[in-house]
Structure formats: structure tokens, C-alpha cells
Amino acid sequence: MLTALLILFPFLAALLVFFTKGNNARNMAMLFSVVEFVISMAAFFQFKNNPDSALLSFNTAWVPSLGIRLSAAIDGLSLLMVLLTTFLVPLIILSSYKNNYNTPNYFYGLILMMQMALVGVFVANDGFLFYVFWELALIPIYFICLLWGGENRSAITFKFFVYTLLGSLFMLIGLIYLYNHTNVEGLKSWAIRDLYEAGRSLTASQQSAVFWLIFIAFAIKMPIFPLHTWQPDTYVTAPTQGTMLLSGIMLKMGTFGVIKWLLPIVPLGLAKWGSTAICLSAIGVVYASIIAIQQKDFKRLIAYSSIAHVGLIAAGILAANQQGIQGAMMQMLAHGVNVIGLFFIAEILLQQTGTRDIPSLGGIRNLNANFAILFLIIVLGSVALPLTNGFVGEFLLINGIYQYNAGFAAFAGLTVILGAVYMLRGYQNIMLGEVKPSVHFGKLASTEKAVLVIICITIIAFGVYPKPLNDIAEQGTKAILQMMK
Amino acid sequence: MIKLAALIPLFPLLGFLINAFFGKKISKGLSGTIASITVLASFIVSILIFMELHASHEKQHVVNVFSWINSGSLQIPFEFLIDPLSSWFLLIITGIGFLIHVYSIGYMHDDEGFTRFFTYLNLFVFFMLLLVLGNNFLITFVGWEGVGLCSYLLIGFWFKNTAYNNAAKKAFIMNRIGDLGFLLGIILIFVTFGSISYTEVFDKAGTAETSTITAIALLLFIGAMGKSAQLPLYTWLPDAMAGPTPVSALIHAATMVTAGIFMVVRANVFYSISDVASNTVAIVGVATALFAATIGLFQNDIKKILAYSTVSQLGLMFLGLGVGAFSSSVFHVTTHAFFKALLFLGAGSVIHAMGGEQDIRKMGGLWGKIKITAITMLIGTLAISGVPGLSGFFSKDEILAHTYEHSKVLWLLGMITSMLTAFYMFRLLFLTFFGKFRGTHEQEHHLHESPFSMTVPLMILAVLSIFGGLLGLPEFWGTGNWMHHHLDPVILRKNDSVLSHETEWTLMILAVAAAAAVILFAWMVYMKNRVLPVNKEEQLKPWQRVIYNKYYVDEIYDFLIRKPLDVLSNIFHKFLDVQLIDGIVNGIGSGVKSLGSVVRLAQSGNIGFYITSMVLGVVLIILLTFLK
Amino acid sequence: MINGISINYYLMLSTVLFIIGAVGVMARRNTIILFMCIELMLNAVNLLLVAFSVLHNDASGQVFVFFIMAVAAAEVAVGLAILSMIYRNIKSIDTDLLGNLKN
Amino acid sequence: MLGYTITQWLFGILSFLAIMFALMVVFSRNPVNSVLYLVLTFFCIAGHYLLLNAQFLAVVHIAVYAGAIMVLFLFVIMLMNLNQDNEPQKNIYSKLIAGVIGGLLLFVMVGALRGTDHLEMKRYGHPDIGLVKNLGQVLFHEYLFPFEIVSVLLLAALVGAIMLGKKELK
Amino acid sequence: MKGLLIISALGIIAMLAEIFKFKKMLLWIVLIGIIGAYAATLMEWQTGMSISYFKDMIAFDKPAIAFSGIILATAFFWFILANDYFEEDTNVTDHFALVLFAIVGALMLTSFKNMTTLFLGIEIMSIPLYVLAASKKGDIKSNEAGFKYLIMGSFASAFLLFGIALIYGASGSFDIMEIRSYISTQGGNLPLFFNVGVVFMLVAMCFKVSAAPFHFWAPDVYEGSPTLITALMSTIVKTAAFAAILRLFMVAFGNVSVTWTAVLAGVIALSLVIANFTAAVQSSVKRMLAYSSISHAAFMLMVILANQRSNISVDAIIYYSLAYSIGSITAFGVLYNVTRNGNENFEAFNGLAKRSPMLALCMTIAMLSLAGIPITAGFFAKYFVFTTMIGTPYKWLLILAVLTSAVGAYYYLKVVIAMYFKQGHHNETLPVETSNKIVIAVTAVITVLLGLAPAFISELFKF
């Protein structure tokens, strides 16, 4: 019930918002997204009380003749992702309060649509439904980027759309292939359990093919080196709220997908190709980190840093052990929060100073100390300083990768150093030093402050006491590993 | 009381929070007082805990605060360990920390970032306490990174100055290099032992293969190299002098930089097992000691000299650790904390008096003007130079004695280091306090003794520097080495001296003689002959110039690492990413288009051509289907 | 009377006629000749159908030929109507002039 | 005669003439000539029909094709005044290509259609299937529906031709 | 069968409308007639699996009824759209009559049981379309379109007939069931020329559905014809042709698939590549849609290729036809309204989102459906194709289909981008007839509904 509500509510809210005029749309969207968060919290407590509660799942026929069902459930992994989504969307909406978008009803309606699709992706327990939501998530964000994006947006969002669509189609092929091998009393089925079984009944070479077919979709979404080149351009061009959606939540579709829709399906494929994929991920970590060092546009810098982070997450997931996957889950949460914080900072910089070009900024610390502190905390979360949310995940990730292969861990672990290099460089050049004459920076609006403060509190709170989420992640990981056996 | 160990870090945290959130609303004095009092409170609790521990038979007390990270078999509670080692370090940190807090109230009085300074300082103490209190490697790592952060914040305290910011960033990044090693070490420990809790790991240490232990020990030592500024990761420490002087005293001399020593002592089990690792530690230590000492000879910045001296002394401590003299190193940490804090604070007082001037070439003749500072500085210099009776003499001698037992070569290098130390310290002393005043008139007019809040800590530290040696009187004097005894429960290999009393006496006298000779030489040069350091680099001889320029290590690093990284970044971005990978992606796109443009030409509009193509299609189909 | 002639000959004859028609469609520019060549192709088919009809001793093949004739007539009617319209517009029925739609 | 029956002779001559005239249709420069050659080709084909005992069809063939359709062609040619020899020709390459591809098609078809020798028309039984009575029975019995529906076809062609033919009112 | 007769009668009634002056009512009569025709067709559903008429010349079995349904439904929407277009034109009755006759041919193609009816169906459908394509008399492009269509169509018919003749020569019958049984009795000893006949028929049918390399007519004819006639060609004609192919190659030649599958695979591959790559560089939306129709044809041919003779293949092709037809009606409806001033390029769509948000939204849905993105009908259509293909050895074709689909997304989105992103020359509201709006909106809604509940359609035509 709750699960269905989590999907349906944003959808209905989006419809309502579509037909609202003026800036009321924003307030309504804000209200609805908060309500959605409350619903997800209800789901959270329900899960804590009774993980098998019937409230957390639903399952009805959709296309019975093809074995397609509207089946969704909240397990530990999806709960975390849903919480992340419902937590970030209100922040993302709040972060837009200073902007005046034209046709706000469409803008906020699309955001809520996006939320619906994202929640759907995370809770779907039916392969087909998963795919439908997966594709569905692409459309609102495409329009958000296209209609409210920056320079050269049409070409860039185009590339993004076609690139990701291509990946998804490969995944569809892979999933259909699995579906074709399901056999539930003579019928085919899209249920996730049946797909797991079907996948494991395949031979090693078949599994390898399925592994790549499905992995490519996820790899493009995350993105993994060398399929990442759509990402920096798209992140830079998209409106900040779009970038936040893309990096904060949508990226997690890929990592989530690998955990839930790839690992348990193709153990043999993973055994054969896992190291290749981890290798690519690890290369991506270092590669993107090094590129980030010399970026001039702060938003682009964050974009590359995001590639680095997600590379580490992917490597951890593919290592497929308790620490790796759990660390990935924790890091997904942390990265979601941190990266939208950073993108919001970039947005504030642009609005206040008119530029995101790092060399032409400087000394903002002198003009607004509070902003500097908030910024610094987010930077620290991003470089995974202990007692910030980024640390738990990163430690577990490197740990997990180490258990897979010490060399990969040491290599990917370079992010610890390189991350500090580019983040501190960026921070220093923007905030510290004497004020450049061309730089003006006033007070933050109360909504901006609110967003940043909430993010900072989250960063520290879940760095110091990650237990509530960590327990869920631990259980979720155990469940996944159990299924892999 | 031990159960309340969590209070120790809690107080500074409280101070930090109060200053962070309300610092702007309360007066400067109140803010400084709160900061100091919280540290004092921790100090008092530390003393109580120390006493309790000393009295009790059980030497290891684990205090669980809350459950932190659980991941399958990896269980990491937020747990504190009270044992002789941590309880001793608690005393040093909170004790010296308190004094420096008090000193700072005076020193930072006119700074606009006054409350911010105390905020950071409290935070530092908090993390430092976490570092020593943690019952597992990860809590230590938390503190470890946390102090790194505070160090970053405090070095870059005057954030308008780009050079300072660069120094801060450098410190953080160099520390991070070490931290990665530390982190991997921790992970290897987990992989090997299935736990990272001190109590469990050290019990199981014997079960693992020596090669694994060596790997662990070396990885941990990489961490220590970063934090304790050993070769090759030492260059951040001299730059760290960009921070306010109390910071240099507290963080970059007395406490944080000794974290590496603490960690190696904590993990002494591993180093005792692995000879490779302990030899590495000894060699790196002595190399650093000697290397930094030579650089110290030619520096003119009062704080830089002290900084290189710190690096050098830390190297000496690692030498001690490497030769298995763990308690001696802790002893030296303690005395070093006293006299180096004293020296730094004294230097701060001098700088304060000189209105910010740090170049000793522009000082001179301050003896009469700032008496208390001068006398306490003298005491500190005597202590560090190993003049008998003062604290430095005993601790250094103990290390050298153990080194002699281990290897004569290392001992000799250690001796040379301590002679160099004595020389440059006296050079500093003579040039600063004696001779003619070489500064401007304005400075001369401005000269004044510092306020009580600054001089009282100086005096207390001076007393400690004198009597600190009592903590570890040589065993062969028959007095019983208290430090050795105290740390006994936490150290695996007993470093009982096998040297004969005669040898020990000889070594001691040799050391004293060497120190005396060097001091005399310094006196000859700087007092009698009034030699002044040259003002221009060109006047130096080539070998002097190399040392004067710190062996060009920074430049080499710049050339070998930073520049290539920047270049690589640009190559990766502009060539590999944009041109190659994205080029391929876009190329596919434009390939589709250009192929489309070619294919569309077939659509010529001419009906004859269409028909011909159709027939050709039929021909091909028949040919391929039936006439294979 | 027909004894001694293999169906193969009819097959070949029809094929040849069919191909001559096809070549005509390919090689000529005059639209009317194109139509005539198509008629030729249809007649080749007719001939073949009749031959097979005789082979199988089955009248339906010949009945089919009627339908083809009807269709051919209809096509020609419509085709010539279109042609005359084109001629009205561009005063020519040259296929090479009908190349406005391309690419 | 030379071992061939008269039927075979007739077949040979008719086939030769049909192919010759067909080629002339394609190669004549003057469209009127083409039409006339086409009519001759149709006569040859009608001859084949007779040879095959399809008498009724032969008659209808001449009536419909030679009598009606070809006259229509001639009308149009005259209407458009196209009876000249200077009709624009395709360039030689296009023709060559057309010829080569035609040749190729012939080649592969001959290849593909070989091996049908055993299907000699020996089962020839009733010589009267091609008679109008027989055909009528089949047409109105089995093929009633197609026969009826052809009316729709013709109607459509009629309407279409008229629609295109009549002048725009505007 | 009654449906077929009703539509024929409607055609004649339409002709009479001119004479008896009830042109105004004609649309209503036609719409009611179509509903009636479909109702009559559906009645036959009740009576059994397969009803044959006229000595097995024609049979309205379930697939036939399903395809007829699609054709009639499309026709229903088409007439509403077209009424407005032909209203000023005095020829409205002729046009309606011709279209209705073409529909008769299309219905025959869904239900033929004999080569005669197949051939006549194709011709009855095609000849009116030749005329309609050329129906803009003063426009040389339209003339050219009609002419090209006619010449190439007749040429293809000649191949079809040659094929039929060869098959008749081997099997001695025009009846597809007899041909089927002939194939099974002969086993592997089929004469070679029979196979040539099959291939010739395949070539001709590929021509009709405009698969490469027999597709050349399609872009030119689509572009030259009046927009609504193009809509007709890409919906009804395609559906009917696929119904015919389905019956021909799954029923009649299902057992000699060795002969034609490899050819078909090649044709599909070539179509996918040529269609998508060429569509990507088009500047005219109409031409782009023409190429896109080639690519959709390739997708539907894949189902034939999969040739599993299971319900899923039939389902798949029916569903695909429906999804494609409905999506095309929306797309052409919008295109027709947007390009009234004659500019058919992408620029014509610039700023449409401002000029008419409703039209832009519907067009977006149509484009997404054609691109095969959930939750539209087009997605399920693609999904069915993939599902049927995955069990075949032609996996490389599947990968090719995926790759070219991505290219497809590219050019469909170009329209969307033009509508939402580009600034148009005009900013005033686009005048659109209410009837057109209704058709466009309804078809767009159907597209989404089909995407949400694909079961509906397959349950409806439970085989």
C-alpha cells in the first residue's frame, strides 16, 4: 500500500501542479514533496518494525498473458534509495526558490514526474516494470534539461538522451533474454525472483553476454569510464535542479541497478567479467579525479568528481562482498546529498557573482563567512573526511575492493588524495585569498541557507551516527549476497 | 572515572560548539576563557583517570560510546581505550593544550578571527583526544584525519594570504597521502585478523605471517610519515609555520606531529615482529633527523628553524622506535612537547614583541628588552641541545643509547644530528637575543614584554623542560625509569638495556662533551666573532646554497609531481576526454549523419535508377539464395 | 499437338520476355514506353500462366489471366490519366524531368 | 523436318518473333513504332495461346490488348505529339547498366529455373479446357468473388481517371 | 465479409453524393458506415474460428478481423481529419469513394485465401492510391508522386505475378491452403522454380511495405502526395500489406522458411540501416516520417522472420500495426495542421509548444511512441518484436535494431526539440479545426492507453 502510494502520490501531485498557474506551482510542489517524504518516513518506520509488512508491497496483474505484473516492494536497498529520493526532491525544489523559471507549473510538474519514475525504479520487483520506470525517468529530465537548460542545450541533452536510450535498449534485450529463459510452471514470468533463477540457469558464456548487455545500460547511466563523456556536458548545461536530479538521484539508478538487477542474476558472468568492469571503474576514478584538478568551471569540476565517486561505488559493488556493496549503498546516500550541495553552491556562486569560472572568483570567504563554512562542510563531506557522511561509505568501499584485489583498492584509493587535491584547490581559489575586485557576494536568501544547512546537518549527522541507515544497508546487502549464493 | 572517559573529548567539543554557534555573540575574553576552561576540564579528568589507572591492576579499560559502523564481520564500535599509553598522551595533550590556549588569549588578542581561532583550537583538541583514545584503528583514523583538518584550518588561518592557503592545502594533501597508506593498512589488518580493534588485533598478531605483518607495519608507517613529517613527506611541516605561533607550538610541535609516534607505539607489536619494518622506521627516522638538521643550520626565519628542528627531533623519535626503544621515544615525545612548545611560544613572544618580524637577521640584543622570554628561551635551547640535567638530555640520551646497542652507524648519525641541533639552536639564541639590535627604529621603540597570559605558560613550560627529565632517569643510575615502567603493559618487546654501565657512562659523557663543544663553537662564531648570516643568497658557497634552499626538495616535488599532474590533467581533459573518447562518441553521431548523407544520394529521384536498383536487388537475392 | 515441347521452353520464353520488359523499364526515358514494357512483362506472365494451366490441365490459370488483363487495363487507364496530367503541367513525359522528389 | 514436329517449328518461330518484336519495342526510337512492335509481340503471344489450346484467351487477348489498350496508347502518343525520333534518350552508361543488369537477371533466372525438363506436358488430357464454356464455368463458379470484386477495381480506375482528367473548377 | 460489402457500398454511395446533393452529410454516412462495417465484421467473430466465403476465396478468421479492425479504426479517424481538408475541394466525393475502394482492397488483403484475391486486393488498394497520390493536379510534385508510385507499383506487381505464376506452375493451385499442403507433401523435393516464385512474391511484398532495397518509391511518394494521403499510405496500406505478408509467409510458405528467411534478414538489416541513417539527415518532417515508416516496416518484418507461428507473433504484428497506425495518425494530423502553409521542414514546428501546446504535447507523445519509449504503445510494439526475435538465431539483427533505434530516437526528438526549444517565426495561436483537435487528442490518448494496458488489445483478440 505504502509503496503504491509512494509512486502514485507524486504522479497525481504532478498532474495537479501541471494545471496550476504561476508560482503557486512551486509552493504546491514543495508541499507535495514534503508529504511524499513523510510517506517515505512512514515506510521507513514500518520497515523498522516489520520488514515483511504487507503494507510495503503490492502485486497485481498488468499483462497476465506475458507474465508482466505490477509488482513492487520495499526492501532494505530500495528503502534507502526511496528515502534518498524523497529527501532530496524537497531540497531540490526548495533550492529553486530564488529562480524564476518561466512556466513553473511544467517545471515542477516534471520534477514530481521524475520523482514518481525514480521511486518506481527503486521499488519495482518486476523486470518489465523496472524497465518501464527506468525509461520513464528519462523523459522528464530530458525536458527539464531541454527547456530550462543553458547554452547549447539542445545538442547536449540530445546526446544524453540518445546515449542513455541506447544503453537502456541493450538492457531491454538482456532482460528479455532472461525472461525468455524463465519457466514458472510452463509460463514465462517477469518477476525478479524468476529472472534471478533464469539468469543462474544460463551457461557461463550466456551469462557473460547478459552481463554486458545489462551492465552497459547501468554503466552509461552512472557513468563509468569510458562511457562517461555525455555527463560533464549535460551536468553543466542542465538547469541546476536538473543537474541535482541527475547527479543526486538518477545516477543512483545505475548503481542500484547493478546491485539489484545484475549481481544476483549473472554470478558466472560477474566472475568472468567482474574484474574487467572493476578495472574500468577504477580507471575512471583516477582518470576523472585527475581531470577535475584542472577544471575551470566549478560545475564541471563537480561533474568530474562525480564520475570519480561513482567509479569507486561501482567498483565496490562489483567486488560483490559485504563491505563493497554496503559501502556502495552508504556512499550512494552520501554522494546524493553532497553532490546536490555542491551543485547548489555552484548555482549560488553563479547567481551572486555571475560566473562559475574558478580563476575569476576568489576571496568570497571575506564577504560571507557563513557561506564559506557551509561550503567547507560540504567539501569535507565530499572528500570523505571521517565523521562526515562520505567517510563510512568510502572506507567500506575501499575495504570491499581491497578484499577483491588489493591493487585495485590502492589504485582507486588514490581518490582519497586526488579528491582532496581538486576539492581544496577549488575551494581555496573560490573562497580564500583577497577579494577580487570583480567579485560581489551578498547575503544568502533564507531558502538557500535552509537548503545548505539541512545538507550540512545531514552530512555531519550521518557521518557521526550512520547506524539507522547503516543497519538497513547491512541487512539489504546480506539479502543480496544471500541471493547471489 | 574511567567510565567517564568520554568526557575528555566531550569538553573541547562543547567548547567548540559554543564558540562555533555563539562565538560572535559573546565577548572575546569569554570566548577564550570558555575554550581554555574546557581544555582544563579535560586535563583534570585526564589526571583523575590517570591516577585511577595507575592505581588499578587492570591496565586496559574499554569504554563503549556507541555503535558506529557495522558491516558483516566488520564491527566498528565507537570505543575508547584507556591504557597507560593513551592516558599519558591525554595528559600531554590536555596539559600543553591548556597552556597554549591560555597563551593564545594574549597572543591572538588583537586578531579579528579571535573566536574562530579558539573554535578551531578546541576542535583540534577534540580530534587529538579521539586519536589517542580510540580503541580501534578507525577511531584513531578519525582523530588522525580530524587533526589534519584542524591543521589545515589553522595553517590557513589568515586566509587572505595565498601563500598561507597554499601551505595549508599542502599540509592537508601530504597528510592525505600518508592517510591512504594508513587506511590501506587498516583494511589489511581487517582482512588479516577480521577485526580492527586494538585489543583483539594485538592478541592475534602472532598468528599472522610475518610478511603480512611487515606489509601492515609499512602501510601504517606511511601514515606516520605523513603525519609526523618524515622523509619524503616532511615538506609540509616547515610551510605549516604560516599558522599563528600557538598553533605551531601545539599542533606542529607538541601534539599532532607526534601522532605518528603514538601510532607506531600503539602498534609496537607489529614492529616488534617485523624486523624489516622496524629497520625501515629507524633508517627513515635517522635520515630525516639528519637531513632536517642540516637544513636548520641555514635558516633565518625563527619559526622555520624551529620547524626543521621539530622534523629532526621527530626523526630522532622514529629512530628510537625503529630500534625498539618505544618507551624512550614516548619519553622524548614528552620532553620534546615541553621544550619545543616552550621554544615556539617563546618565539611567538619574540615575534609579538618585534611586531610580526620573524627574520633573525633583523633581531639581536633582545635579552634586556624581553627578559622572561629570553630566559625561558634559553632554558628551552639548553634542553633541546642536550645539556645535562635538563629534560632533553635524558630523553635523547636514552634513545641514542638504545641506538648504539642496535647499530653503531645509526648512533653516529644520531650523534651528529644532536650536535647540529645544538649548533643551530644556539645560533638562533645568540642572533636573537645578543649582539646589536638590527631591526628598524619603529620596532625598537615598540619592543615590550608580552602579557602575563603569555609569559605564565612560558614559565610553566620552562619548569617542565627543566624537570621533565625526572620522568625517565636512566636505569643504570639505579633510580628506575618511571616512563619505562609506566608503559610496560602496552609494549611487547622489553627493551632492557644490555649495555654495560661503563659503556652507558661513556656514551653519556661523549654526548655531553659533543654538546659542550658545539655550543662553544657557536659562541665563538656568533658571540665572539659577531658573524652574521649573509643577506644575499649569492654570497653563499654552492653547497651552502643547496642547503639554504632546503635541497630544492619543494622544487623537485613541484617538478616531479605537481606539474606533471597538472599537465596530465590537461592532457586527459583536452585530448583524451574531449578529443578522443568524446570524439569517438560524437564521431559515431556524425558518422551516422555523414553515412546518411551518402545513403540519401541513392534516393536520386530518377525512376530508372530506382527500378534498376530493385532489379539489382532481385539479382543479388537470387544469386545468393539459389546459386551458392 | 503440343506434345514434345517441354514446359521449360515456355518458362524460358516467358522469362526472356519478362526480362526484356524489365530492361525496357530500366533503359528508357519515355514514360509511355515504360508502360508498354510493363505490359510486356504482364504478358510474359500471362503466357506462363497459360502454359502452366495446360500443364496442370487446370482452367484456373487461364481464369487468372483474365484478371490480369482487367488489372492491366485499369492500370493503363489510370496511368495514362496521370501522364496526360503531367504533360499538361510540364509539357513533357520524360522520366528524367520527373526528379523533383529526391534524397 | 529436321527431326522436329510442326508444333515445335511453330513454337520456335513464334518464340523467335515474339522475342525479336519485344526487343524492337524496347529499342525503337519512335514511340509509335514501339506500339506497333508491341502489337506484333501480342500477336505472337496469341499464337502461343492457340498453340496451347487456349483459343478463347487468344481471342480476348487480341481484342483487349491489341484492340483496346494499344489503341489507347496510340491515342495518347498522338495527343502529346510524341511521334518523333528525337525523343531524349538515356545516356549510354545508364543503358549499358540496364543491359548488364538485365543480362545478369537473365543469367541467374536461367540458372534458377533450370532442371524443370521432367515437367513435360505429357499429362495433357482435355484439349477443351481453354474453351469458353469451360472457362465460364470455372470463372462463375469458383472465381465468382474475384469476378465481382474486379468491378470495384474497374470502378475505382474509372473514377480515378475521370477525377484526374477533368479540369479544375477553380 | 459483410463489412467488405458495406464498405464497397459506401464507396458507391460516396460517388452518388455528388449527384444527389448530400455532400454535407457524407462524412456522417461514411463514419456510421465504417462503424457498421466493423460491427458486422465483429459479428462474425462469434460464429467460429474461420469463416470462408465464395469457395474459399476469402476468409474472415480472427487475424483478419483484428487487422480489419485496425484498418477500419484508422479509417474512421482519417475521415474525420480529411473531411475538413476536402471540404473546399469539389472532389470530396471522388476522394471519399477512392479511399473507400482502397479500403475494400485493404480488407481483402487481410482476409484473402487465394492468390487471386491477394492480387486483386493489392491492385484494388493500389490503384485508387495512385490516383490519390497524384490528386493535387496543379502540383508537379504530386503528379510525380502518383506517377512513380504507379510505375513502380506495376513493376512490383509484375514480379508478384511472375511469382504467383511460378508457384502455380509447381503446385497447380492458387489456393494458399493447397499450396501449403503441396509444400508439405513434397517435403524437400520442391522444384527450384517454386522457390524462385516464393522469393519473387517476397520481393513484391517487400515493395509494398517499402523495405529496402525496394523502398525507393516510398520517400518520394510520401513527400509528393498530399499529407493526408501520405497518412493513409503509412497506416492503412502498411497494415494491410502486413496482414497479407503474415498470411502469405506464415500460412502458405511457413514450411519453406529456409528459402526466404535469410533473404528477409538481409532485407531487414538493409532497411534498418538505410531508413534510420537517411531519416537522420532529412530536413523535411514528412520525408523523415517516410523513412521512419521504412524502419517500422523492418521491425514488423522481424516478427515475420521470427516465424514462430505462435500467437505471440501474430499478436506482435497486430499490436505493432495498431500502435504504428495510431501514432502515425497523430503525427500526420499534427503535420497536416502545422504545414498548411506549405513548409514541411522541421522549422515549421519551431515554437509549436507556444503556438499550440496541445498539438505539441500530442506530437510529442506520437514521436515518443514511434521512438518506442514507455509508456506509449510504440514501446510495447518494440518490446513484442524483441521478445519474438530473442529466441531466433538472428541475434545480430536484434543488436542492429537496437543501434538503429537509438538513431531513430535522434530524429524523432528533433521534432520535439523544434517544438519546445526553437523559436518560431510565428507566435500567434495556430488555428486548428475542432474535429482535427479531437482526432489528434484521442489518438494520442489511445497511444498512451495502449502503452499502459497492452493486455487490453491482446485480450481483445485472444487467439
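First chain written, first letter: the chains are A, B, C, D and E, and each begins at residue 1.
Everything below uses one rule, namely that contacts are C-beta pairs under 8 Å (C-beta built on N, C-alpha and C of every residue); 3 or more make two chains touch, one makes a residue touch a chain.
Everything numeric in this text was worked out from a predicted model, so none of it was measured.
Q: Taking contact as defined at the start, I'd like the list of chains shared as neighbours by chain B and chain C.
A: D, E
Q: By raw count of C-beta pairs in contact, what's the busiest chain pair here?
A: Answer by contact count: the chains C-D.
Q: Measuring between Cα centroids, which chain is at the maximum distance from chain B?
A: D
Q: Measuring centre to centre with CA averages, how many angstrom lie between chain A and chain E?
A: Those two chain centres are 42 Å apart.
Q: Centroid of chain A to centroid of chain D, CA atoms only: how many Å?
A: For chain A versus chain D, the centre distance works out to 71 Å.
Q: Measuring from the mean C-alpha position of chain B to the mean C-alpha position of chain E, what distance in angstrom results?
A: 78
Q: Starting from the mean Cα coordinates of chain C and chain E, work out the distance between those two points in Å.
A: 26
Q: Scan chain E for residues touching two or more other chains and write them down.
A: 116, 120, 123, 127, 130-131, 134, 137-138, 147-148, 151, 155, 192-193, 195-196, 219-220, 407, 410
Q: Going through chain B residue by residue, note those that touch at least 2 other chains and give them in order.
A: Touching at least two other chains: 589, 600, 603, 605, 607-609, 611-612, 615-616, 618, 622, 626.
Q: Chain A: which residues touch two or more other chains?
A: Residue numbers touching two or more other chains: 162.
Q: Going by the touch definition at the top, which pairs of chains touch each other?
A: Those chain pairs which touch are A-B, A-E, B-C, B-D, B-E, C-D, C-E, D-E.
Q: Using the touch rule from the top, collect the residues of chain E that touch chain B in their complex.
A: It is residues 147-148, 151-152, 155-156, 159, 192, 195-196, 199-200, 203, 207, 213-214, 216-217, 219-220, 259, 262-263, 266, 273-274, 276-282, 407, 410 of chain E that touch chain B.
Q: State the interface residues of chain A toward chain B in the complex, per the touch definition above.
A: Result: residues 159, 162-163, 226, 228-230, 287, 290-295, 322-323, 326-327, 363, 365-366, 380, 385-387, 391-392, 395-396, 398-399, 402-403, 406, 409-410, 413-414, 416-417, 420-421, 424-425, 428, 431-434, 465-467, 470-471, 474, 477-478 of chain A touch chain B.
Q: Per the contact definition, I'd like the list of chain E residues that touch chain A in the complex.
A: Touching chain A from chain E are residues 368, 371, 373-375, 379, 383, 386-387, 390-391, 398-399, 402-403, 405-407, 409-410, 413, 416-417, 420-422, 453-455, 458-459.
Q: Write out the stretch or stretches of chain C touching chain D in their complex.
A: Residue positions touching the partner: 1-13, 15-17, 19-24, 26-30, 32-33, 35-37, 39-40, 43, 46-47, 50-51, 53-60, 62-63, 65-67, 69-78, 80-85, 87, 93-94, 96.
Q: Write out the stretch or stretches of chain D touching chain B in their complex.
A: Those in contact with chain B are residues 90, 94, 97-98, 101-102, 104-105, 108-109, 111-112.
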